[in-house]
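Pasting in a structure now, in structure tokens, and then I'll have a few things to ask.
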Amino acid sequence: MAAVNDSAPPDIVRAAYVDLVVTDLDRARDFWVDVIGLHVEAEEPDALYLRAYEEFVHHSVVLRVGRTPACARMGFRVRHPDDLDRAERWFASRGCATQRVPAGATRGLGPAVRAVDPLGFTVEFVYEMDKVERLVQRYDLRRGVGANRIDHINIAVTDVPAAYSHYTELGFGLSETIEDFTDGTLYAAWMFRKQTVHDIAFTLGSGPMLHHVAFAVPESHNILSLCDTIGARNDARFIERGPGRHGVSNAFYLYLRDDDGHRIEVYTTDYFTGDPGHEPLRWDVRDERRRDFWANPVVPTWYQGSVGMLDLEGRPVPVREQVRSERSVTVGADGLGILVPER
Amino acid sequence: MAAVNDSAPPDIVRAAYVDLVVTDLDRARDFWVDVIGLHVEAEEPDALYLRAYEEFVHHSVVLRVGRTPACARMGFRVRHPDDLDRAERWFASRGCATQRVPAGATRGLGPAVRAVDPLGFTVEFVYEMDKVERLVQRYDLRRGVGANRIDHINIAVTDVPAAYSHYTELGFGLSETIEDFTDGTLYAAWMFRKQTVHDIAFTLGSGPMLHHVAFAVPESHNILSLCDTIGARNDARFIERGPGRHGVSNAFYLYLRDDDGHRIEVYTTDYFTGDPGHEPLRWDVRDERRRDFWANPVVPTWYQGSVGMLDLEGRPVPVREQVRSERSVTVGADGLGILVPER
Amino acid sequence: MAAVNDSAPPDIVRAAYVDLVVTDLDRARDFWVDVIGLHVEAEEPDALYLRAYEEFVHHSVVLRVGRTPACARMGFRVRHPDDLDRAERWFASRGCATQRVPAGATRGLGPAVRAVDPLGFTVEFVYEMDKVERLVQRYDLRRGVGANRIDHINIAVTDVPAAYSHYTELGFGLSETIEDFTDGTLYAAWMFRKQTVHDIAFTLGSGPMLHHVAFAVPESHNILSLCDTIGARNDARFIERGPGRHGVSNAFYLYLRDDDGHRIEVYTTDYFTGDPGHEPLRWDVRDERRRDFWANPVVPTWYQGSVGMLDLEGRPVPVREQVRSERSVTVGADGLGILVPER
Amino acid sequence: MAAVNDSAPPDIVRAAYVDLVVTDLDRARDFWVDVIGLHVEAEEPDALYLRAYEEFVHHSVVLRVGRTPACARMGFRVRHPDDLDRAERWFASRGCATQRVPAGATRGLGPAVRAVDPLGFTVEFVYEMDKVERLVQRYDLRRGVGANRIDHINIAVTDVPAAYSHYTELGFGLSETIEDFTDGTLYAAWMFRKQTVHDIAFTLGSGPMLHHVAFAVPESHNILSLCDTIGARNDARFIERGPGRHGVSNAFYLYLRDDDGHRIEVYTTDYFTGDPGHEPLRWDVRDERRRDFWANPVVPTWYQGSVGMLDLEGRPVPVREQVRSERSVTVGADGLGILVPER
């Protein structure tokens, strides 16, 4: 097919997958497959390809063995084959390093374009993804939290307005923000391509780092049941925060971390954002309900990214420290006050 | 704005609303507001404008008093103001009667284009809808089944393939079908614009008739709770079918009918269909799980449309009888056999 | 210990177990263990000993291979060792055949007294039951519907008032009834020893037959999830009635039948009946909500017992036919009218 | 009837009610009725009589206006009228002050015996309680968390072994404990009369104080829904701890405090303890799952009693300080470590 010549960004359908580095595949399988219950679509001696039960494509998570936990890349699916050209041109025109990889560079994926975006994240765009057996109604196979599909990727960035601008240019809509209403500081933003609250979100912090990858699950009881199973296994270290109701997005959530520190969120579906002119919802950083609608405390570790990124050659991307954080203005608002021992 | 000259169909975002005729507004309010729990956005002496809690626009149901229960029109929201011109041109070019109405012709709506489509249904296209107070997280106000949003409209048609062709030309994608695998008869189809299983669906039967309008609700327990409330009120006549799990769409459902015979479905969210090349799922008409995944029987009344349509002048559209129906080939498959008294 | 000389009935704590005959142990295991998810406490070449996850004793169901599906006996646990003597004396004084069996006559049970009660049912009384590993919080092991405990036994009898009198003399309290308010006919009764709605219930029909054995499960979503799994396995024949809310007992229920015809109910916990002077609730047989609070139809098969009983020698107890049934007065009230094909 | 002469303790059926002093009845009504959703059985200018929906007697909570928040007395229902005499004799023989009050001393209650027990708590025993309209299935009336019934009373005591001995003599069974397995210290105990995990429980702390009163609710989603409503009302101060799963009792729980500091728990039903020889479950105080099965942190305030008691003359009972507490050995085990700000 002929290369496209327009300067439009690629038409991104949605956040589609992440490639993660884990240090021990058996231990990772225990968490991601036995506990969380993702479906193993394929496996290799040093890698697992996982998906949830309402996904029709090969995978949404690759776990690959390496020496240091990291996120190799975040993947987005585009609408047309031509969008690969658009992606390459668009990032190159911004001075970003780009790379084309052939079909099969990652098992299950067609040809892809990779780039290091202006925020320092390695992103990948793909059109073709192998179609796989429909498991939507294989309730006899669902395990763990019974995840439906990958929903979004959350990243820690040192400059939230820059991240917001970048993704706005890429055609993402804005659904919600956390801001300081008194001085205008933007602490976090949620942006979408598909008709939900987000495909990508930004949390202020040292970065570039992956904060978490999120999976939509059927109902809140599936999340409670996951907690019960984790308790029964005496694996409570996996639970970092929640369960609770988000102020932002209105989703019911739980955050977990595997033994490599990878953070995932499991949560129940948010609301429809597909109408033209959908208006963003803005939260003040001091609103104690923004992160947990019931004002339950946010554990301090949660404000930090989980793992660093790898660049196009697979080397760790240096992390710039960001000492300012939402936490510094929200002690009290997050209910942390009541958790400090009295003496 | 200048009229568009292309021959493209309007870019439809989603099914957005229905205008229904009820014979007694107090009685209708009891059902739609007190039992189902929709929010009254506006009211007039002879009309109620209702919406669910995750809708950001004026209404998704209008109930207007009249002498005979009917559906005056089914509304679709379009992406751009220009799409009104496209809608008018597109339907006119197919020999359909069309009509432009100014902003406010229906309270809460901007200028609109109406048409009688080739299937005999009065449809309306609108871009502007009044924005209203965000109620997503007003859990203190949610009542009844706590409906989130209108999800789809289901219609009874005498010719399902014709309906399928028409909506395909309008740009709808196909998500699921019910077919006779032995002779190719198409009994029902589900088609979408937004990234869910459907905005419109067709059931073979006497028509043109509205079959039902459906609302997405948060979780299955909200539907069970609605049943309990209806039982407590001694209003079990409102429950027609369910609760159960659909084979088609995988949604958890309940069908209700108000005292005018209007049928609504409340159901929990289905799956994502937004990927490029999403493949439809085809069910054989003899698969006992297609209508209820647990193979519970479908009551015979359910196979019939609920109310007739009004034309552009508000006169009833004649209903053509269709004696063939999915039921005629599925006695047994629907488990109806066990429900026939033994003697 | 010395035999007791009083004429008091045994102090029954609760319905504790049933011994069932199945014709194919592999097929039975598929249903009871793989689908329903009961825990296998012990197994032998021709028998399975099953319990639920909040039971602290050896079993609540024994499945033993035989040529004809049947219920060998229904077991009740008594409060004191002396209650075995009381049971023997009490039944003997009523002319009933009794039998003492030593510890281990049934694996996991201590010494027991068996009797054929005046209604024709073989009942067994036991004090000692082997204590087993606590699994209450082994959420990692719970399967299927995640059953908590056996709750009650329901029997089909030709004479409900006689059954009511018998169990009243045995010290059971009455929680609910179904009666014909116009002529006083007693169609069904629910009676309890433990502080719930029932340990034993009677349904008018050909008998003596076991109607069903019921297991309490955690929450309604566990029951919906079981239905989904059954649908996914294409085993919908297992589902006989429900899910729904009972009028009587207020429990959320589902009835299933295994391939031998054994009927079980899974349901969520009912209400506390332990207060002194607890007053029974009486339902008119024409109240369409008595059997299903949402007035969904009761399938006709459900009004019949599931399997016959065995006597003390293990021979089938003859079943007397009872043509009168609750169904004969409730067509319509059960909503069956709407299920009869129109023509 | 003649006074009984035996030295047996009263035959207690269950924990039945608490009489609380609130400082502002309107504010209390907002919490107990509008938020929690208890049913107002009766009201007076300075008092509210509340019950849950599966209770068949007049009330389980009295809120009466006073100058200082307190618990006036904790009520237990007895099995026979004679048990009032037994209660009076039993407490008097232990040197406790006792008091007889006539029927109607508290609205809805028959004659009662009050005593100040050896632990310093004012307790009341009653046989007659007014029967009231059955609301079990009035789902149309259920509000808030839809509470079923009062379940238990939890008290803060300076000497847990003394409390355990006292209630053992009163005939309570032991279901669970929290102990230091290394030195034998008993930190908490759960004891029952009805066939559940507890009617009374003890928490080590300054006392005598009421710790909380608990209501059983239908399912976990009712508790999540209550949190959502509280968030929507911007009343998150009401939420003290949870929701979560208890290790002890296995119940799903949430703790709330009204504006007077009264603490209540709403929780879903625990397990059956009615079998003879039911064995207690013992938890080590260092087991991080004992208070929350998912090892989520316990807020420090929760370890303290909520309000003091009144004596037989309505004067505040002095509170003795107990500096030792479960918390002092469990920092870390409760996950509190991660909640202390890093610097």
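What to note about this one:
Here the chain labels run A, B, C and D in written order, and each chain numbers its own residues starting at 1.
We take it that a residue touches a chain if its C-beta (ideal position, glycine included) is under 8 Å from a C-beta of that chain, and two chains touch if they have at least 3 such contacts.
Predicted, not measured: the structure shown is a model, and the values here were computed from it.
Ranked by separation of Cα centres from chain C, the top chain is A. Over half of the residue-numbered contact pairs at B-D are shared with one candidate from B-C, A-C or A-B, namely A-C.
One inter-chain figure worth recording: chain C and chain D are separated by 34 Å, centre to centre, where each centre is the mean of the chain's CA atoms. Mean C-alpha position of chain A lies 43 Å from that of chain D.
Averaged Cα coordinates give chain A a centre that lies 50 Å from the centre of chain C.
Multi-chain contact residues of chain D (touching two or more other chains): 137, 219-221, 228, 231, 247, 293. Listed in rising order, the residues of chain A touching chain C in the complex are 137-141, 219, 221, 225, 228-229, 231-233.
Contacts from chain B toward chain C in the complex involve residues 220-221, 224, 227-228, 230-231, 234, 236-237, 239, 243, 245, 247, 252, 288-289, 293-297, 299-301, 331, 336, 338-342. Residues 13-14, 54, 56-57, 77, 79-80, 127, 131, 134, 136-137, 148-149, 194-195, 219-221, 247, 250, 268-269, 271-272, 274-276, 278-279, 281, 293 of chain C are the ones that touch chain D when the two sit in their complex.
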